[in-house]
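Here come two complexes built around chain A, the first alongside chain B, the second alongside chain C.
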Partner chain A sequence: MNIVVALKQVPDLQQIRIRNRQPVFDGVPYTIGSIDKNALEAGVQLKEVSGGNLMAVSVGNEELEDTIKEALAGGADEACLVIDDKFADIESSISAALLAAAIKKIDDVGLLLFGEGSGDNYSGQVSSRVAEILGFPQIGYASQIELEGQTARITRVLEDSEEVLEVRMPVVVSVLSDINKPRIPSVTQILKAGRKPKKVLGIDDLEIELSGDRTITTLSSLAPETDRQRIAIKSAADLISALRAEGFLGR
Partner chain B sequence: MNFTLTKEQALIQKMAREFADQNIALVAEQIEQQNEVPREILQGLAELDLFGMAMPEAYGGADAGYDSYVLAMEQIARVSSGPAMVVSAHSLGLAAISNFGTEAQKQKYMPPACRGEHITSFAFTEPGTGSDPKQINSTAVRDGDHYIINGTKRFITNANYPGSLVVFAKDSQGGKPTAFIVDKFCEGYSVSEPWKKLGWHGGPLCDIYMQNIKLPVENLLGELGNGYPVLQYGIAFGKIGMNSVALGTTLAAFEESVKYAKEKTHRGDPIAKFQAIQLKIADIAMKYETSRWLAYRLGVLANNPKSPSDFAREAALSKVVIAENAMAAARIAVDIHGSYGLMEDYKVSRLYRDAIMGPQVEGVIDMQKLIVAGAILA
Partner chain C sequence: MAAILIYSEKSPLALELLTAAAVIAQDTDLDVKAVCINNNEQADEMAGRGATTYHIQDNLNLADTACVAAALEQAVNKLDASIVLLSSNRRGKELAGRLAQKIQAGCLTDVNGLAVVEGKIQCSRNALGGAVISTQRIETEQQVIALTPRSFEASPVQEGGSVQPLAIEAVSSPLKLISSRGQAGDTVDIEAADILVIVGQGMEEEDMGLVESIAQTLGGEIACSKPLATDRKWLPEDRIVGLSGKKCKPQLAIILGVSGQVQFTVGIRDAHTIVAINNDENAYILQMADYAMVADLKEILPELKGALG
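Coming up: the complex of A and B.
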């Protein structure tokens, strides 16, 4: 069985600087999205317990061939990449269509893992869209995954409860960031990553028609402005009164 | 000429940074207070292959090259110099075995050292001498198929960890310095408590007492009476690690200063807005850039050194610049922090104590300048 993990390359958020209220991307390397690394680690752990082959799938520009080494160092056995230099800022529906078309070319897909949202736009749409295109059931907010034969048992975290579901594979599962702590690859794993099998597809290799503008443009990305109330407090009674007045107490 | 990292090198740098931030940072203060690196940190570094990073795969190493080794060590030292010192001194001894050992010696000593199960040491300095090979007093007397080693070694990093020790003694026949490999904690081997030193806490420096250590002749490293190349090359290779430790200190001084300058306010504005602070930040940044390219270059040269003497010159030159830059950067960082920089609660006070170690350890600055001048004027 193939465990497939879908990953998105995103600019390394640690290295983005802000100038004139705009992020500066010049010279910022790509990396794998943070929650996508949790999805990868979930796949590695399941493979260690249940066996199978762990395949990383991703869509992106030409930098992806290098970026995917991070996933191969992190435990993926091989990679299937859809690469085109126009795939830099594509919107979620196009990402999903391309990923689904690539996944259709992989035999014996059992579990298809995603991070709950990407490291940059966090639209949270791609896993649902891929599940719809492939006709697979989808389970989101996963905090635990167990495999037994052709069945997956998933614990998902809801607002005030946990839900345990059983589903026959193939299934799409999107994971939360606290499902695990991704391991740090060793030097040897990093050096061997580039030697692992890697299949590179172009748009012409996929049975897919794309139309219209494929990119998404971020016009503004600012945190909401906040200001302090500057209320002077002289006693605990003052504090309670102020919190009541603001509606934080006695609601 | 290409000044960019490969993807693999960038990942190795990131790997070390993540490990240091996630694991070492939590115990950095403990290392500082107890002068000891917790066992789980050393195990973690071993699992990441840092103990045999630049060593050949055939002997259990990761074969990542010394340039990648510098990148990783810099990130470890940025958080705590103690673990970086342990790996650096270990790599110095291991490189001597790799460069001068027989096939049998490499097969015996390198794999467990590369796995981090054994931690290697390199012992030249004695109570009566620092850098002068002719002045050592330790002796190796031939006795049939063995040598009997006696003597005292001073300030030996990792001497209290099990593993192999590359040690220098005068052979009884020619009276010249000769290198040997000793299993630490064999009969006749004992160590002092680690010295309490100004900086680099966690990188243990001990004295070694060798009393009638009976060593098989096959433990001779290199040629009898010809220990000087082992020493010269070994110390030069050791500077790759020393540079990395000083570079990590410089990077930390830079990061701490930028952070503090943006956070600390004066009359409502961050002090980063004042030109007096900006000039200091620029000074640290320039020192860091100068140091890192010299450190990375020495790593590249170490992958394929032209000759021991050429490499020794390059190593000496880079050590002077990088160690002095670390001292200057740490001093500026303390200045930026004002009185707070003198307090142990602030990391820059530790960086200042760490930075001052570099110019003295593994060859003082003046000795390095003499090596450089000697190579130029020869």
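Coming up: the complex of A and C.
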């Protein structure tokens, strides 16, 4: 059985600077989305228990061949990448169409893992869209995954409740960031990562037609203006007076 | 006439969607139609707020997103809906993508503001981990928009509502719900708190008692940055403020030992008054505070507790 984990290459958010309220991407390296790393780790742990092959799948620009090494070092056995220089910043519906087309080329997919949201946009649409395209059932916001034969048993955590669900695979599962703590790859694993099998596909290799029309237009993207007083406080007593003046004490 | 369809399994959120739908309806020629699934109480409540309500009563597995999406797809077609408003809670977000794919709609989730400009809906949402706020427009004929909880007030009581049954074709589900339970113990709702004392990685565990006592004196609740709940496990996950936690708008936020990465600040930047205390004078959090204090928490917390009495 193949355990497939879908990963998104995102700009390293820690390194994005804001200038004149605009994000500056110059020199910002790519990385794998933070919750995607939890999805990868979940796949590695399941593979360690149940066996199978762990395949990383991703869509992106040319940088992806380098970025994906992080996933191969983190425990994926191989990678299947859809690369095109137009894929630097594509919308969810197109990512989903490309991922689904790539996943269709993989035999015997059992579990298809996603992070609950991408590192940059966090819209959480892609896992649901891929599940719909492939006709797979889906379970989002997993805090625990157990596999037994052809059955997956998933604990889903909602805002105010928890559900335990069982489903026959294949199934799409999105994981929460606290499902695990991704391991830090050893030097040997990092060195080995470069030699693991990597299949690179172009859009012509996929049975897919993209219309090219964007379904979403971004009209503006600006850092919020911070309009704060920034009054420097020197002592606990000063802070108490300030809170009292604002009416927060003795309520 | 084409319609705005609204659905959330949570009644308080469905009432917020009704308000948002009214904002759109005001500037378009769309009718508002509320859909409820297997929930008499919600159907009556929606009707009581003036909504034309359609009640689906069927043997649906509500834990199965694909199943609910298939039911809503039928409702969209029967009710001639061009806009679907869902809540951007976990179930709603999961549903949004699936339904959008089914009906070939463009979709935006975590939308926290709506406006109709020249007949088209503009949505605002956080992007780049919260570093920027994007204003976006969906270009497809049909649109699915999931709204962040508490972005709109609940719709008030109004006359003119009604409830009618909506029949759909059966949808089967391969998912088996083994068990379901409410989360035990801690049920503090930090989104509802007027005053929050928020702790970050600059805290030491032995000082948490002081923080609790300060929060209690102020009549506030304790919240935290993500690592304190997920890595250190000092507080439950439902106390996390930030992008993947709660977006809070308290009157007062006292932020202790949080450096102020954007994934955190996005959850608190709408607070009315922000107090930040940090030992690093370069911490970003001090720039987004109304009252900024550079101090060692070990020294300042006992002083604060003492001064508060």
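The working rule: the second predicted complex is superposed on the first by the 212 of 251 C-alpha atoms of A that agree within 3 Å, B and C clash if a C-alpha of one lies under 4 Å from a C-alpha of the other, contacts with A are read in each partner's own complex, and residues count from 1 in each chain.
Definition applied: a residue touches a chain if its C-beta (ideal position, glycine included) is under 8 Å from a C-beta of that chain, and two chains touch if they have at least 3 such contacts.
What you are looking at is a predicted structure, and each value in this text was computed from that prediction instead of being measured.
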item: First (chain B), second (chain C), both or neither touched by A:Ala96; value: second
item: Chain B versus chain C as contact partner of A:Pro29, first or second or both or neither; value: first
item: Touched partner set for A:Pro185, first chain B, second chain C, both or neither; value: first
item: Touching partner for A:Asn53 - first (chain B), second (chain C), both, neither; value: neither
item: Partner chain(s) touched by A:Gln45 [first = chain B, second = chain C, both, neither]; value: neither
item: Contacts of A:Thr215 with chain B and chain C, given as first, second, both or neither; value: second
item: Chain B versus chain C as contact partner of A:Pro137, first or second or both or neither; value: second
item: Partner with the higher number of touched chain A residues, chain C or chain B; value: C
item: Which superposed partner A:Asp66 touches (first chain B, second chain C, both, neither); value: first
item: Touching partner for A:Ile233 - first (chain B), second (chain C), both, neither; value: second
item: Common ground on chain A, meaning residues reached by chain C in one complex and by chain B in the other; value: none
item: Complex interface listing, chain C residues touching chain A; value: 63-66, 69, 89-91, 93-98, 100-102, 105-110, 122, 125-129, 131-140, 173-183, 187, 195, 218-219, 226, 229-231, 237-238, 243-244, 251-252, 261-263, 269, 273-275, 286-294, 300, 303-304, 306-308
item: Chain A contact footprint on chain B (complex, rising order); value: 7-8, 10-12, 15, 18-19, 22, 47-50, 53, 62-64, 68, 72
item: Contact set on chain A toward chain B in their complex; value: 29, 66-67, 69-70, 73, 184-188, 190-191, 193-194
item: Contact footprint of chain C on chain A as seen in their complex; value: 11, 13-14, 16, 18, 21, 23, 35, 92-93, 96, 116-117, 119-129, 131-133, 137-141, 153, 156-168, 174, 177-178, 181, 213-224, 226, 228-237, 239-240, 242-243, 246, 248-249, 251
